[in-house]
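As written, the chain order gives the labels A, B, C and D, with residue 1 at the start of each chain.
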Amino acid sequence: MQKRIEVGVLGATGMVGQHFVKFLQGHPWFALTWAGASDRSAGKKYSDATSWRLDGVMPPEAAGLTVQECKPGNAPKLLFSAMDASVATEIERAFAEAGHVVVSNSKNHRMEPDVPLLVPEINPDHLKLIPLQQRNRGWKGKIATNPNCSTVALTLGLAPLKPFGITRIICTTMQAISGAGYPGVPSMDINANVIPFIGGEEEKMQQETQKILGEMTDGRVEPLAAKVSAHCNRVPVVDGHMVAVSVELALKPTEAEVRAAFDTYTGLPQQRNLPSAPPRPVIYMPEQDRPQPRRDAARERGMTVFVGRLRPCPALDWKFMALGHNTVRGAAGAAVLNAELMYTEGLLD
Amino acid sequence: MQKRIEVGVLGATGMVGQHFVKFLQGHPWFALTWAGASDRSAGKKYSDATSWRLDGVMPPEAAGLTVQECKPGNAPKLLFSAMDASVATEIERAFAEAGHVVVSNSKNHRMEPDVPLLVPEINPDHLKLIPLQQRNRGWKGKIATNPNCSTVALTLGLAPLKPFGITRIICTTMQAISGAGYPGVPSMDINANVIPFIGGEEEKMQQETQKILGEMTDGRVEPLAAKVSAHCNRVPVVDGHMVAVSVELALKPTEAEVRAAFDTYTGLPQQRNLPSAPPRPVIYMPEQDRPQPRRDAARERGMTVFVGRLRPCPALDWKFMALGHNTVRGAAGAAVLNAELMYTEGLLD
Amino acid sequence: MQKRIEVGVLGATGMVGQHFVKFLQGHPWFALTWAGASDRSAGKKYSDATSWRLDGVMPPEAAGLTVQECKPGNAPKLLFSAMDASVATEIERAFAEAGHVVVSNSKNHRMEPDVPLLVPEINPDHLKLIPLQQRNRGWKGKIATNPNCSTVALTLGLAPLKPFGITRIICTTMQAISGAGYPGVPSMDINANVIPFIGGEEEKMQQETQKILGEMTDGRVEPLAAKVSAHCNRVPVVDGHMVAVSVELALKPTEAEVRAAFDTYTGLPQQRNLPSAPPRPVIYMPEQDRPQPRRDAARERGMTVFVGRLRPCPALDWKFMALGHNTVRGAAGAAVLNAELMYTEGLLD
Amino acid sequence: MQKRIEVGVLGATGMVGQHFVKFLQGHPWFALTWAGASDRSAGKKYSDATSWRLDGVMPPEAAGLTVQECKPGNAPKLLFSAMDASVATEIERAFAEAGHVVVSNSKNHRMEPDVPLLVPEINPDHLKLIPLQQRNRGWKGKIATNPNCSTVALTLGLAPLKPFGITRIICTTMQAISGAGYPGVPSMDINANVIPFIGGEEEKMQQETQKILGEMTDGRVEPLAAKVSAHCNRVPVVDGHMVAVSVELALKPTEAEVRAAFDTYTGLPQQRNLPSAPPRPVIYMPEQDRPQPRRDAARERGMTVFVGRLRPCPALDWKFMALGHNTVRGAAGAAVLNAELMYTEGLLD
């Protein structure tokens, strides 16, 4: 690649936006040149408009950008959306209509039938929805989305088992506080505590998982015909969502077969050597007490889902633990990997 | 009761022993007059032999006791056992053989076919194993046990649903650090982290649940014929084990029926107004984000199991959250309630 | 006392207000019959207007109250103020002007020269400011205040040493998250972290300490002529403010003299046996690693300040640790004890 | 450098040893080729002898080493000592006597008059003690030490102010759990708590600070003639020791002068561009609530001490906050930087 592609972030001053700004630092293909935010921030320097909440300090290349209104106009063609759900629907559509490629982390369009909900290792062929989307909506641009942060850990943990015929999934999450943004969860609620509720999260995990693991058939995605049940909990952990998974598999694989499936799993991002693709999207940890969020989530630049503790489930077939970095593989990194995949598919034009 | 019954604690200087000492403070029926511990401590004052690890300070009535060796002799008839599993088998048997009533929190004898594994609200009739036990073993004394700390929260949460025909259970625990004793879990392992493994815990929850919810038939306990699967995790919480439960019920009750079952559940300890019995053994909390360990576990003196978040499970039938105080209802309080039940059954003689 | 005195709480639905509601439960002298809050809440039932954030559930006697506007009218004579600082000045004055006794936890009037800033064990004679206050302002009512939550731990820890001539104080706090109210400190800021800044806290500790330890002279309070320096930090602890204190003492007492001063310290609330007075306002813990917030702050109903680790300070004279329960002795309990003192002084008429 | 210098670690399997192994990964001058540990581990592969406790997984280059006994013989000349204090004295001496260069993190020899206690930016000239040490003891080898983890943050925070004449220091630490090794602090002690005691820590901070900031005079170190008082506390933070400092300065500098001293501070390691030297040893953060351990300690590879919150101290002259990464700048990184300095001084021969 000769010259890096200019990219922008919609909602750049918020917590998710900051994760995009951080993740894009030094990206070999994409150069952050545009930061969009609310009218209140527009016109200010990014460093003045933003209370930097992430570890360390603000990347200097972002600090000097002038924040723009979130309206098509001077924005680059490729935009990452970190918009809040309350405003994402209209703003993302406006940009797509105006010809932009919107690669969104927002939940708003994920479940629409003509919008790909991508995990590039699992369902890159769902990008075939894009022409349909453009036809349906008369857009020159397009929208692609990545899943909810907890869904990514679940679906990447399950994807290696898809060939065995997944028919039933029961999972319980233990989710990090960074998943709730800023100010997010009050410390009085979560210090030395567990909150057994995250609004809308269980529904998202259940529906998104079926769509992501579903098949492109006749120009549409046929959801996976598995029963999916999620229990979602917040725990006092900074980064990394843990998912305890029990799964029923039609083909009744042996432990060795399941383990081999984890150990050999790979995908298109690895084949194409995409810049944000981890060498291995799923790594099985054989230690009896791993993965752990504080010790493992940030490894492999936060882009690998770690699984472990594979053992028989007396109630379904197998059970195991999956861990994903919620603000990287579950948000900014997911979207950037989506854009990298789309680039190699010629979909950024 | 005219005069309180003298009781002792086996393993009184350890963490579980300290919980017994604390829970027995001011008990209307039982007076702590004897503290047994290892040879190393024997002969010392309890206050000298014990590093008090619980909140606040050591109860003054215990402080002055002289620690005894854990050998039958001068011990009172009723003994609570807080022995470590590595030594409990032989010591508890020696006391039972010598005519003592051993009410044990240790795991060692729980699964033996002639030893009752009691939750007094659920299976008080399992005390019928005692005569068999005495006959089998030629003991004048006896052993009764209470479940593992996480099992109590699960079984009391499930007991109201037993009439609906429980056929399958999948649960995930988020367990407090106090469950691991002292020094227990190193802070380097659990600070801002989750440990997805507790040695032996899943097996205990699975087996004990089947025994506790089983039926006395022909002088033995027929385990509940339900498939039970547990995922056990440690989280950075001080007290209170959370259990996320999905359950399959043969009779397919409605939400109102399940809810009514929770709301009306009661048992023999309540009927008999046992001193340690909570007014209600199970309380359903209607708030969408409860129960929570830090806010709820210690309510009702730690003897009630709180349930909440009842909702349909897309993969089984219903799902909900249960919370129990692990060192009270899950250990010392459980054993003391067992002894109270046994007293009213004439089994302390 | 035949009949309990009716009392109200200004700002009853907020976090501090909830602490008042909880602390007043079952009070032998005072009956909570009135709850004031913002216009938005007025007219609603307290249980509908309030998101209960404290451990356990809302006291039933408060739940049924109808929330009132914070305007004089139907309010009882004695009012506890839990008003936010942004509105406390005018509202408290309006009630005092209308003849009410306002016992306030707000910072607004603390440093005014004719307003007593009370710690009943230390400076009950500062109540002599009240007639002056009424004269100055033409009020039939009156305002009395209690200190900032961290100031209470410091001043009660220092009060026993006042006879030795305090000339210099350097202290560092480690303050609990409950001190910041609700939602208060975002968990992303404080989980596994320390925040070395609490807005306005150092100034409050420095000034309030001088006033509280000052002398009534010629109808005014002459502040203690000691240099006071505070470093204030937030730590991930739920309740209990720790204060590490180094102090310079003119009379150069021995360790035994300092220790004896801690061990014998008592005050008017103890002499008069006020309902909220702890048996001992200051308790020295001899263990080398105490006091600790999680283990000690809530003992003695949260009304005692625990001190420990007395040892020589190589840079001043002595150093030690003090701990106070910030929402009890540092807020609601402090104000209620003030009102009890005022009752025995005939100042509630 | 043509070929890397072979180095070993004494006590390589413990927690501090693991920090050395991790920090030495990819070092441009030093190659880890030797790992010493107790007899129990000797002969095993490092990966078999070691339970890896740090984030991520064990560096592969260490995993294959065969653990050796801690006896001179086949060890490389340069050895980093991570020995436990209970055995360090004799083992370190044996190696020094046998001609090895022992660069130790252990406390045992720090305060001996002929052993340099180094912070390379502050007192590189204390290396002049080495010839004296060799003469005194008849050693061909030598021992050099780095300070206690909390002392490093304090002394680097103070070093810029030394020209102003430091006469009195009062500091309070809030120290991370990683400072206590593994298993270290039980979670039952520190979860949502503060422990106001760390054995021996206050004495170490007080004495070491005077030695480090002292002057080489007539072949010996004249300790800084300042009064130093430390209050040491453990807080539930993973990495990074915070130190709240009040300091008295003879020359009474202005705020601008103090600030400039922080902003311009540099040292020999920076001049010589040592591989582990941070670009700036001390960085002042102007934000009102920084530095913070979770957000800042690991920046600059953990080798910079961050200071902030400079403001007048009403009791001494100035107060501020200092933060150092305790396992990097306070342990392994400190020792490696010492060895790098010694290399450039020709002291590794």
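Here is the rule we go by: a contact is a pair of C-beta atoms (placed from the backbone, for glycine too) under 8 Å apart; a residue touches a chain by one contact, two chains touch by 3 or more.
What you see is a predicted model, and the numbers here were worked out from it, not measured in a lab.
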Length of the shortest touching-chain route, chain B through to chain D: 1
Which of B-C and A-C has more C-beta pairs touching across its chains: A-C
Per Cα centroids, the chain farthest from chain A: C
Centroid spacing, where centroids are CA-atom means, of chain B and chain C in whole angstrom: 40
Inter-chain centre distance, chain A versus chain C - centres from mean C-alpha coordinates, in Å: 48
Per-residue multi-chain contacts in chain C, two or more chains: 191-192, 236-238, 294-295
List of chain A residues in touch with chain D within their complex: 54-57, 191-192, 238, 294-296, 298-299
Contact set on chain A toward chain B in their complex: 168-170, 172, 174, 191-197, 206, 227-229, 231, 233, 235-238, 242, 244, 246, 288-295, 308-309, 313-316, 319, 321
Residues of chain D touching chain B in the complex: 53, 177-178, 182-192, 236-238
